[in-house]
Every structure is written in structure tokens, then in C-alpha cells.
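Pasting a structure below so you can have a look.
When the chains are written out, they are named A, B, C, D and E in that same order, and each has its own residue count from 1.
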């Protein structure tokens, strides 16, 4: 695909969602027929703390333009403390990516409960818009994986 | 001898670059030198040598071998080799120039490595005689005269002029193409420079390092030496020595799934790495001792055994200055010689 | 100093306290010093050295050495003691099998910095009142002492030994971040624009030859099997085939040592390409200090590592987005 | 540009035979039919599934077979597991032939041959055995001693029974490690069995099997009076390029992929013990 | 080579209206390893499931992908179907193309494209799925209740009622806990002892219940269904099996000046003692710190008077080991120490008392036989000031940040009881807020104000100063009248905050359960799992989890019992097989995983390994107890070497999904 930068650009967005809150929140936005862009593809993980920084980098390598991580609100983790660890890990990772000059708006972490279907949809819309504005991921891509 | 004033070097480089891609050692911000593509403003480095050796031009760190498309039970092999373009590497030191001969003995013997061969055919090597050898230099040990470097074209500098001599047809053609810039001149000043350099060479701390106790016939004697334990005990098992070495030639072949096909590439590998000889069911070189031994045995014993006594080292001294723990071939040679 | 250490080593060998000595062995030149294990007084007399160039952190060797028969004497500089402690904390070093003698630290010198001045053919280096007198094949050269100080010593974080059985010389103090200036460069980068930061790191990381020296020397990288060597990890890579892999390797490596890196600076010291790798680690350290409170890995063996810990009121990742320039 | 030896051909798997619980034999032809390339007994080929891995396997069919090549492969790693899961019709990549071969046309010609194999070690020898069977007139007596853990682990058992055992002038001695119901043959380890059989010293020995078996069998043969110059074996080490360049499969200065895989024991004896 | 079946559901028109289901099935049919790709009206219907089952059998499938509604809806349905057809249920993956695709998108083309990608991700994942077998671990049919207060007693009784053996470990010589010390209970004002002691007796008489009084838990090993607990039976120097509780020894004991803990030190007991008349077990205990025989070797009176020879001065602490399937923590609370509250003169003036001390002062079995007298001079107090929130809702270091919850109500109770019994006594209550949520609570409080004329003053007591005349000056502010007050009081009663018992913290460590910063045990989920700890098999009862009044405590005690019974009813527990596992060959033994595991499922062992250099070495490696692990995956990221991975959500599986989505 010859990317005509910024026009007709459809970002690839990977969303990691914890099974107990955010994935359910995503389901709820479906149940309520709340629209958000098709660009977002969800990967279910048991807990946000299952998300290894490796997965996030992997997504960028393989052509993702934005990665968003969703988990239970702090204090509500199904496993009591998982998302607290997530928060530290991901804060540091995002800060490091920023340090390396990777655009901040390509990464995001959002706490979405099972009841927040509307928040889920709105977040995804917002995030997709932000990434779309940035254009294709060029700073953290693997040229070998670029679609021809 | 054909020569050109050093002051006109930019003109010279521009002329070369107008015909083919020109690479030469240039200084980096951190004070070290690396080969860089010449373009307006790039200056020839005054450092003795580059961090990475010149082998990269013929045997790059990674290169794709082929691509595969898979669908259902079918596999399609795509030959992705391209005809490479002519290029010139300028300012190769005598040690690196000799390393090409050594690599040739691996890659140009049957079955020929066509990837290497193609680049070798397209590259013209212009060497540069040394004038300020460093304490880490020991190329003389391997019979290299840094004041008489090999290559398609040999080049000398006495500070005012660059002098050129073609050694091959390719080199001659190269010099012919620059004939408008080059003039014939006397070499008295150059001979003086050479003599000075030779004097320094005789005073180098490693000038006495000799290969007389090494070679293919020492196989079992050195393999069983008790020194390996002590020598290898501080080795980190990194690949620095291997990757800065101009003669290290080992590689790995790997597949990479790009999402729309499989790329098979090869990349430098190091016998110092713990997974170098690892198989699904075991590893013949389990400890760093064995891996460490392999590297030096290869250069000092196995390689000469297979190549009429030629050693797999050119004494460039890179490993001496770059090894994180300062273990190197000179220390190994000296230790092995001790009885 | 070297004299006192040699005497101490011989004494401890003689009285049976230890059966080996971890130290440094002199090489061919003034600067090519190799970490080594000595077993006899004769070996020590012949080759033991501790001088301006004995910069190598030997604590990582103790992972293996401390699992061998008998006790080993290790001479540790203040910075090395942090690495040592961290490894004890992670159960990598068997503390009982090491007799730690604290020795004064640097500043150590960096031969590369001398060479970068165009000084070549180095035969002998002497410090005379702040001036380095360098005897070379091409005559004597001089340069200011401070310009030859090893990068990691320029921003020394502590002159205090956090663990030892015995001390040679006097105990020093921890140096504050302000005094050491060790976060200055990180801060400078933080104040650049994203594009500038990106360009900076591309220039640096594109030099990487994936020799793994940084990883293999790192006292925090003692994994039995590194993910980058393990095909099953899905991210193994060898010679970086692509700019992404250079990024990936260094980001993941820095992440894996985040909260465990003591900032010993070995990664940058050994990098053959002079990539300032320590800046990645320092960035994590600086962030950890700022977000989760001051933490110095290796300072003790009991505290919880910041990444294995949390506070309910930790900041959100959005703090990254809210920071100054993009 | 010439074809580079590192760039493989395509092979099609036309038949898969389950030999033992963990060994399958694959028949490979070129997509156009016929063999992908010619080889000599003992030579190897690099088989690969792109994205999974590439590995060196000895060609177990005889060069005298003009229709196809066969590979007997034991499931042990990532690639072999994949190969075992293949269906007929699957394409694979193949390059070769690599390495030297048993000196069937020189040193072995006219000799009495003793083949000793253990487990999957029969695979490389099978090529020689069938070659020799097809050119029976060029060789003397043939004796095959083959052992495995159990009857089920004997590779090519049907071929051994249906063909080899029925040939004139071929003596086949099978053994399994432990007694088993339905087995009335010999029970015991190969090295001991060889000693029991006390083969004539005139024989040239070709041996292949697990290292431990080779070690004890060789010792046994020496006790019986055999010399190292009479015994050939074939080796296996980590290989990537298969053309003696990538630098991993050397034993001393010899590259197994290029100078081997077939070695005579006196040659191996000169090399360091690193395999 | 996998043999994967793909099944795309129309869900009537729920999916089919916006996703071209046929196109999805067609596209996924070309994915590597897919041997059959079908679509159907309702995959979850009987016939839909049969389609899957038949395909599994017919095509010998090694993996199944269902493109349908959320896995939260029907993952189990399809797993069961697969299992019925002989395929391991964990070889089924769901692609959520309804909630996360057809229902949120309108454009058929892009929704279809997305559905295909989601399907591809599921196919890529299922390639790497491994058959998982849910492990089983047996359940020891015996429960342990730690703490013998009302919470523990209630829990034990309920568990015993269900037919299971249950042990109570109580560190005091008698069960009963705090409730035994309380005089009356709110809001009914019935006598605490009257309702508690029958339960204590019931517990002691129930043959399913075994009470280890004067005992402590010192070690806990094992995991849900299979705990091994070491109990220290502290020496009481009286043979429990012989002592009849006649009390003769306590009468004859010459050492009578021992502060009586049961009465909050307001009177004395003997060195050999039975805490109170209705103690259970009713067995004497010798206090070695005071017993003359124990201290000087001279006395032995009790031994002489004991007709059954129960006295044993040589008795030693005994350790016993028991196995339990479930553990209920009911360690309760204590009022905080008021030493730091100089402003209330608690340590200077005997007539400044805590509420619990007041309970004893008013109790018929208390030091004054139920007549409220000032501790200092045993006179009748005419003015009593109650100070609320002493140490509760505090920002500073001295106190607790939380509301102790019960103080408002018991203060109302005290005030009311005093006004009822001694109408001449003026009662002032200084409060910040009066909190009375609870059945009949507010009515109760209003009765105190309206019917009993208790003076409730919103305001803070600034200083309590004992005066030379024996009176107490209480300086306070009235926030409503906005004025400073001085009250000349006879007694001051401090509503001290309550805190978890000090033994709870070490116990939590033993149990690998979590505590909050105030040392209250943390429940597994604050709303949905309030009586379970995050550690499987450990349940929470009573105030150890947070401040509670009696009815709440009893309710939670029963709830914890119900949870424990639910566990004990099972012969074995089916473990979730999607748990972490450690590759010992790669494990560094660094303990990072152990630190982040909320369940204590990871332990370390020194194991012998064959090392690369052909030697053997002892290495410290992690192992995960699959019965305890809940599969969150925190450890997998903490592990730098990648030795830790998670079944069902392995690194390679998740990366395969990432790859498929980004392709």
C-alpha cells in the first residue's frame, strides 16, 4: 500500500483489554450499539498486567500505528493488584518511548470498567482520531514488515 | 609515481564519486572513525583505523538471501539478489586489505558464495599506507608491511601528496579514469616517510609477536593446552572481538516472518555466543572455554591448516582496544607459547 | 593502594579465609587490564594490578565464582558494591562465599578518550598534578587529567560502600544527583523536541553492531537464558537486521533492568561504538525517582524493587503526555 | 547470476511413512517430477520450512533410485515436529547434496561390509545398503547389525524383513534393548551383540547411531582386532550453511558439512574431541 | 501442521446484518492450517454445536475458532461442545465479531474486513494453543477458624452445622473475644453475655468443633484445600483435660494483685485464674509472670487444693500440626493505645476511661458489680463527657484515617444507659458527625437525644485537665454555637478508634494474604467477594477485614462459613488450567515473580540441575502452585528471562494475535 501520508490514512490500532473490566466494557459498548472506528482491534488478556512491553513494541514493529491498553480502574483489579503493576510498567515504558522520540499520542493507557461502555467507545474514537492525525508510524516500524 | 596534492583531495574524491559510490573513513562526533559514503563535506579521517573493519563492504552484517511466499501447501522461492553497482573503498589499511584475501579463501572457494563474489567484483579497494601505527598494531606478525599495502590500488601519503600505484587491472582502470587529476612526481619525500614509519614499526610494543609457534601442525597440542581455562575465565561471551574483526567470517542464517512472506537472511554470528553451536539435542561447545578456544584455534591453527599456513588474523589490533575485558589474541598467543 | 590490596589478598589466602582472589590482571599495555581470579600469592605478586585503568566492575563474575567451592575475596569499588548487593538481593550471588573488601573508587581513566585526542602509540600514562603525561611512540604528549576520566566516573553517584566485610581506606559519602550531575544529560534530552530526541537516538543506536557487550557485561543481565538468545521468546534477534531491532533490543534490555540497574555505567564503558547506553538506564532511574520516590538499586538487599511494587496513588501514564515539549 | 547454493529448490512430499512412533520417512520429488538432484550414499541435504527452520538430513534413499529421494526423520525439535505434522502434497525447500559420501566406488568396492546401526542411525546407512544391494556384484559379503530400543523403534522394519532379509548374501542381525512380547529375535545392546557375533576381521565397518553406542561398539571392534582404518562413521553437528563457511560444524579444522559427514575413525582420531 | 476448523455465526441478523458472514468464512478458509470453514445461523444452538462436533470428528480437528459473540457469553458452551467431541476444550478460541464488530459498525465492507482480521487473529492464536488439563487437588474436609470472638464462633458453628470438622484457635484462655466484655448491645440494649455465652457453650459442646484456646498459629504451609498449619499451644500450667473449672484454686491463690485484663485492668485477679465465670473452656490458667511457685518455687497452693491434680508447673508450649481445607481469619480488633493522647489526660487521670473500660465499669460482672462509680474514688459521677472520634478519621500519625464505625452507636448506648439508670447524671457527647446508618440505628440515636436528653454537642474537645478537687475540666468548642466551653466533669469517656489485632500482620504474611495500609485484611473484591481473601481458601470474618458492629460481624461470619462450606463440600478442586508456569531451565531465581504474585502461588526451591559444563549445580528456581495461581500474568512480565509464561495467554499466543492484527 503506497501510503499517501495523512490522506486516506487508516491507522491500525491494537487495544489490549483486560478480561474482567475493559473487555466487558467493550462488549457493553457493543450491546449499547455505540459506534467506534473499525481501526480498533481488541486483544483479550486476563489482566492488564499480562501485557508485556514486548507486545506493545511488537505491535508497532508489525505495523500498528497506535497501541492502547485498557484495564480495570485502580483498586478494582480482579486480581487485586495487577493494574497497579501495569500502571508502573506502562508509565515507565511510555516515558521511555517518549524519550526515544516516539510520538506520545501513539500510546495510551485508559482505565475502563465493565460499566463504561460509553467511555470505551469514546476513548477509542478519540485515540483513533489522535493517531490518524499523527499519520503512519514511521519511528518505530520495522521496514521489513511494511506492507508493499 | 602518480600523485595528487593532499590539498586537492576533495577534487579527487568528487571525481571518484562522480563515477561510482565512494566510501572512506570519516570521523564521527565521538572521535572514532567509520566508513561513510563520500559526499561534499566528508573529510578523510586521520585516525589510524575505523572501529568496524572494511569487511562490511563485502560481507555485510546482515543481508537477505531469499524470500519465500507460502500459500496452502505451496512455497514460492524468490531470488532477491540484485546486480550490485560499482563502488570504491578508499583508505583501507594494509591489515584490512589482507583480510579480503583471507575472506576470499572462505567465500570464493567452491561452492562460491555469489553474494560475496558479486560485491568483490564490483568493489575497487584503494589502500592507504600507514604512517602512525599504534601500540596495538601487530600486522608485521602476519607478514604485512603497512607501508606497502595491497589492494587494487595502493596509496601513500607523505603529508603533502597522495601517491598511487595500481596493483590490478581493476586498479589500473581506476587510476586511468582519474588521469586528468593525477600527475607523475618523484617519491623522495614519500620514501623518507616510509623510512620513518618503518623505524616506528620496529619499536612497536608488539613488534616481536611471532607466529612461529603456531600453525596447522599444532592442532592437538594447543587444543589440549591447560591455558584455556585461565584465558577464557573472564571472557564475557560477547561478540565484540568477532564483530570488529576484519577476518571473522562466521554467520547465521535465519528466517524472518514479515507478515507477508518469509525473509531468509544471514547475519554475522560469533563463535563466542553460547547458542552458536546449539542443536535441538545438545551442544558440542557447552562452556565459554570451548567457545573461546574455538575462536583462537580457528585463527591460529585451523585456518592455517586448511590454507597453506596462512593465519586468520591480520594484526589490526581492533580486538585489543575494543574487548570489554581486554582479552585478546596477543595475550592468547603469549600464554599458549609459555610452557 | 595496590600494595595494601596485595598484602590483604595474600594474608587472606594464607590464613585460609579465602581460596581465590577476584581482581585485575595487568596486560600488554598500561590500559588493557583483564579481570582475573588469582589462586596463589605468586600469581598475585606477578600480575595483580589496581590503578587508574582498573575500571571493570567484577561483581558479575561473582555470580559464577560464588557458586564454586570455597570462599573468594573480591575487591569492590563503591559502585561495584551496589551491583554486588543487587545480585545478592536477587539470589544470584551466594553472599557467604564472598569476602568483600571495599576499596576506594575512581575516578578511573579511559584510554579511548586519550586516543580520541589523536594521541597514539601510548606506552605509559602518568598523572602529574592534574595533567596526564603520556609517553608515546611519537614522543611525550600531555592532556588535562579530567578530560581523560572515564564517563561513568565523571558522574559518580557514590563513594560509599554499601556492603563489605572489610574496608581499605576510608568510607565515602553518597553523592547527590545535583552534585554528580548524572541526570543532566537525560534532562537535556528531555528538553529537546521529540524529533530531536528521535534523531539523537537514531544516530546513536544505528551505530549498534549487536555485539552484546553491553548485555554481557551488565551485572543486572545475568539471565540463565536471555530472551534475545531464546528463539522461543519470539523476539530473539542476533545481528540487528533493521533499525527496529536496534530499538527493540535496547528498549527491552533497559526495561528488563529497570529498577535493578545500579547505574554502574559498564554498558557505556564497553560499547565499542561509544553509544551512551547508560542514558536509557538513567532515564528509567530518573523517572522512578520522580514518580515513585528516590530509589537506588543495590543500596540494600531487602527493599522492594520499584517495578515489583506499587502505591495506590501512583501517577498515571498520562504524566508522560502532560510533560513539557513534545 | 548463477544460482547460489544457499538458495534452495522446491521439493514436494509425495509419500509419508510412519516408521516408528517418532520417525517418519518422507519421499520428496521436484515439482516437475523426478529427483531434485543426484547424490551419493552418505550425502545430505538441507531441508527447510521457511519460517520454521532449516536442517541437515541425510538422504536415506539410494542414488540408484531414480525417481525420488527419501529422508527418515526423527521428531526432536521445532522443524522436525513441523515436518512430522505435514500432509502429503506439502512443499518444502531443499538444497544439496552436501558433504562427502561413503567411498562406495573406491575404498569399499570389493570389500565385505559390516553395517552397524542403532535407532535412527540406520537412516544414513540405508542409502549405502540399498546402493550396495543394487550393485551387488561390486561387493563381498554384507552383514547388517541393527538394534533399537524396541521392535517398534526399528526404522524401516518392513523393508528389512521384506527385502533385505530375503536377499542372498545379506545377513541381517536385529536386536532390541529389552525383551518384548512378540519378539523372538535377539535382545541386548548393539555393542555386545556385535561382540557376540564376532564378525570376520576382513570386513569394513560402517557404523552410525547414538554417540554412546558408537563409542562402545568401536571399543568392542578394537577388542576383536579391527583397526580404526577399517571403520567409517557419519557425523552430525550444528549446521547452517552446509558449505563450510558459516563456521559452526568444525571439528578441529574439518567441517562436518563439507569435509564430512563421513569420516574414517583414524581421521577422527587426529581431530580434537569436540563433537 | 494444524487442522483448524472455523465456524462463523450469523447470530440471526445480529452479526449477519453488518458482517458478510459468507465472505468471512471464505477468507478464513484460506488461512494456514484451516481445513474447514463454515457459517451457520446460530452456532450456539444445538444444531450449531453439532456442526462443530461433527467437524471435529470428521476432520480430526486440532483447533477450533468460533467467530461469534463475546467469549464472555459462549466460550464455555463451545468448550463443552469441543470436549464432547473429544477435542481438548482449551483448543477453542472465540473471535468476538458481534459485540466488538457487527454491533458497533454500520458499514458492511469495513465491518467484514474487521471480522476477518479478528478471525485471523483467533486462528493465529489457536495455532499455538496447547491442550490444557484442569488439574484437581483434593480438599481436606476440615476448617480452621483463627480467632474465637463472635465472628469466629459464628463461623465455626455454621461450618460445624454443615457437618464439617472445624477448629478454633484462640490466643486467650477463653473464647468470646470483645463481645464477652461488652455490657449491653445496641440498638436493642439486650445483654451481650446473654446472647453470646449460649453460643460459646454451643461451640464447646458441638462435637464437630475443637477449641484450641490459649493457642496461636505459628506457621501455615500449603494452599487451598490443603493447608498445613502449625499451632502453638501455649503452656497454661493446668491440664485442660483434668481441670473441672471448679475455681477453688483461684479462690485460694495467695497472689491476688494481678491486673485483670478482662476488666481492662480496672480490678485485680489471682495468678491462677479463669477470665470470667462463663469462660469456655472453663479451665484455669496460671500466669507465670505472677505465680509465686513459678517465680520463686515457693507456694504450690493451687496444686495442693486441686482435687483432680490438674496443676502442672512444668508444662511447656506444645506445637501441633493439623491439615485444613479452608481457613477463616477472625482475628478481630482492639481499641488503639491512647498513650499519645496527652490532651485527653488518659494516662494522668483514672477517671478518663475508654469506652470499653466503661463497658466493664457498667457491667454487673465488672469491678463495681454494675454500679457506675468513678475508678479513682468510687464515687458516683454526676457529669460525664463523651469524646467521639479519638483516633478515628485522623490525618495525623497518632490516629487512623478511617471511621471506626461503631463508636457513634455505642456512645449513644452508653449515654442512654447512664441517663436511664442515673437520671441525675448529665451526659455530654462531643462529636464531629453522628453516623447512624443501620437498621433502627438513627431512631436509637434520636431516642438518646430526644428522650434521654443527652447533650450532643458538635465540636472538638481541646483539652482534658484533671483538677485538684478530683473534677475534670473539659475544654471544648461548640461549633454550632461557635463558642468555647468548659465542662466540669466527673468522668470522661473516650471513644478510642479500633484497629486490627497486632497478630494479624504476621498472620497475613503466613497466609500470603494481603492487607491494606491499616492492617485490615483485603477482601478479594470489595463488592463481589467481600468475605474471601485474594488467596484461595482463605476467608475473612468480622472486624479483621474492617470495623464492624455485631450484626455485621455475625453476618460476615456466616457468609465466610458459607464460602468455606462451599469449598469443603468438594472432594477436590478443579483448578483453572490457565495458570502461570515456570521454565526451570531459564529461571534465574531472582524472586521478581514472587514479589508481584497476589496469591503467594510462587515458591522457590533449590533444585539440582545438570549444567552446561556437564556438572550438576544447585539452582534456585520458581515453581507455581497451579491450585493457587489465578492466572493474572503479573509474574510473566516481571520475569526478565521469560521463564514465566501463562497457559492460554502465552507470550507467543499474544504476539501471534498482534501479528495477525497488524498484518
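Note that a contact is a pair of C-beta atoms (placed from the backbone, for glycine too) under 8 Å apart; a residue touches a chain by one contact, two chains touch by 3 or more.
Worth saying up front: this structure is predicted, and the values here are computed from it rather than measured.
Asks: Just to be sure I understand: going only through chains that touch, what's the smallest number of steps from chain A to chain C?
Replies: 1
Asks: Chains shared as neighbours by chain A and chain D?
Replies: Both-contact set = B, E.
Asks: Taking each chain's centre as the mean of its Cα atoms, which chain lies farthest from chain B?
Replies: E
Asks: Return the chain pair with more inter-chain C-beta contacts, choosing between C-E and A-B.
Replies: Of C-E and A-B, more C-beta pairs in contact link C-E.
Asks: What's the chain with its C-alpha centre farthest out from chain A?
Replies: Following the centroid criterion, the farthest chain would be D.
Asks: Averaging over Cα atoms per chain, report the distance between chain A and chain E in Å.
Replies: So the centroids are 36 Å from each other.
Asks: Hey, how far is the Cα centre of chain B from the one of chain E, in Å?
Replies: 69
Asks: Per the centroid of Cα atoms for each chain, what is the distance between chain B and chain D, given in Å?
Replies: About 40 Å, centre to centre.
Asks: Quick one: report the Å distance separating chain B from chain C, using the average Cα coordinate of each chain.
Replies: 30
Asks: Hunt down the residues of chain D that sit against at least two other chains at once, touch-wise.
Replies: Within chain D, the residues that touch at least two other chains are 78, 87, 90.
Asks: Provide the list of chain B residues touching at least two other chains, using ranges where the numbers run on.
Replies: 70, 252, 256-257, 259-260, 269, 274, 283
Asks: Return the residues of chain A touching two or more other chains; collapse runs of consecutive numbers into ranges.
Replies: 53-54, 58, 62-63, 75, 81, 85, 89, 142, 144-145
Asks: Following the definition at the start, I'd like every touching pair of chains, please.
Replies: Touching chain pairs, listed by label, come out as A-B, A-C, A-E, B-C, B-D, B-E, C-E, D-E.
Asks: Show which residues of chain E lie in contact with chain A when the two form their complex.
Replies: 70-72, 96, 98-101, 103-107, 110-111, 113-114, 117-118, 121, 514, 522, 524-526, 534, 578, 596, 598, 630-634, 636-638, 646, 649, 651, 654-655, 657-659, 661-663
Asks: Touching residues of chain B toward chain E in the complex: what are they?
Replies: Those in contact with chain E are residues 70-72, 257, 259-260, 274, 283, 286-287.
Asks: What residues on chain A touch chain B, complex-wise?
Replies: Interface residues on the chain A side: 62-63, 142, 144-145, 147-148.
Asks: For chain D, which residues are in contact with chain E within the complex?
Replies: That would be residues 82, 85-87, 90 of chain D.
Asks: Of all residues in chain E, which touch chain B in the complex?
Replies: Contacts found on chain E: 30, 32, 612-614, 659, 662-663.
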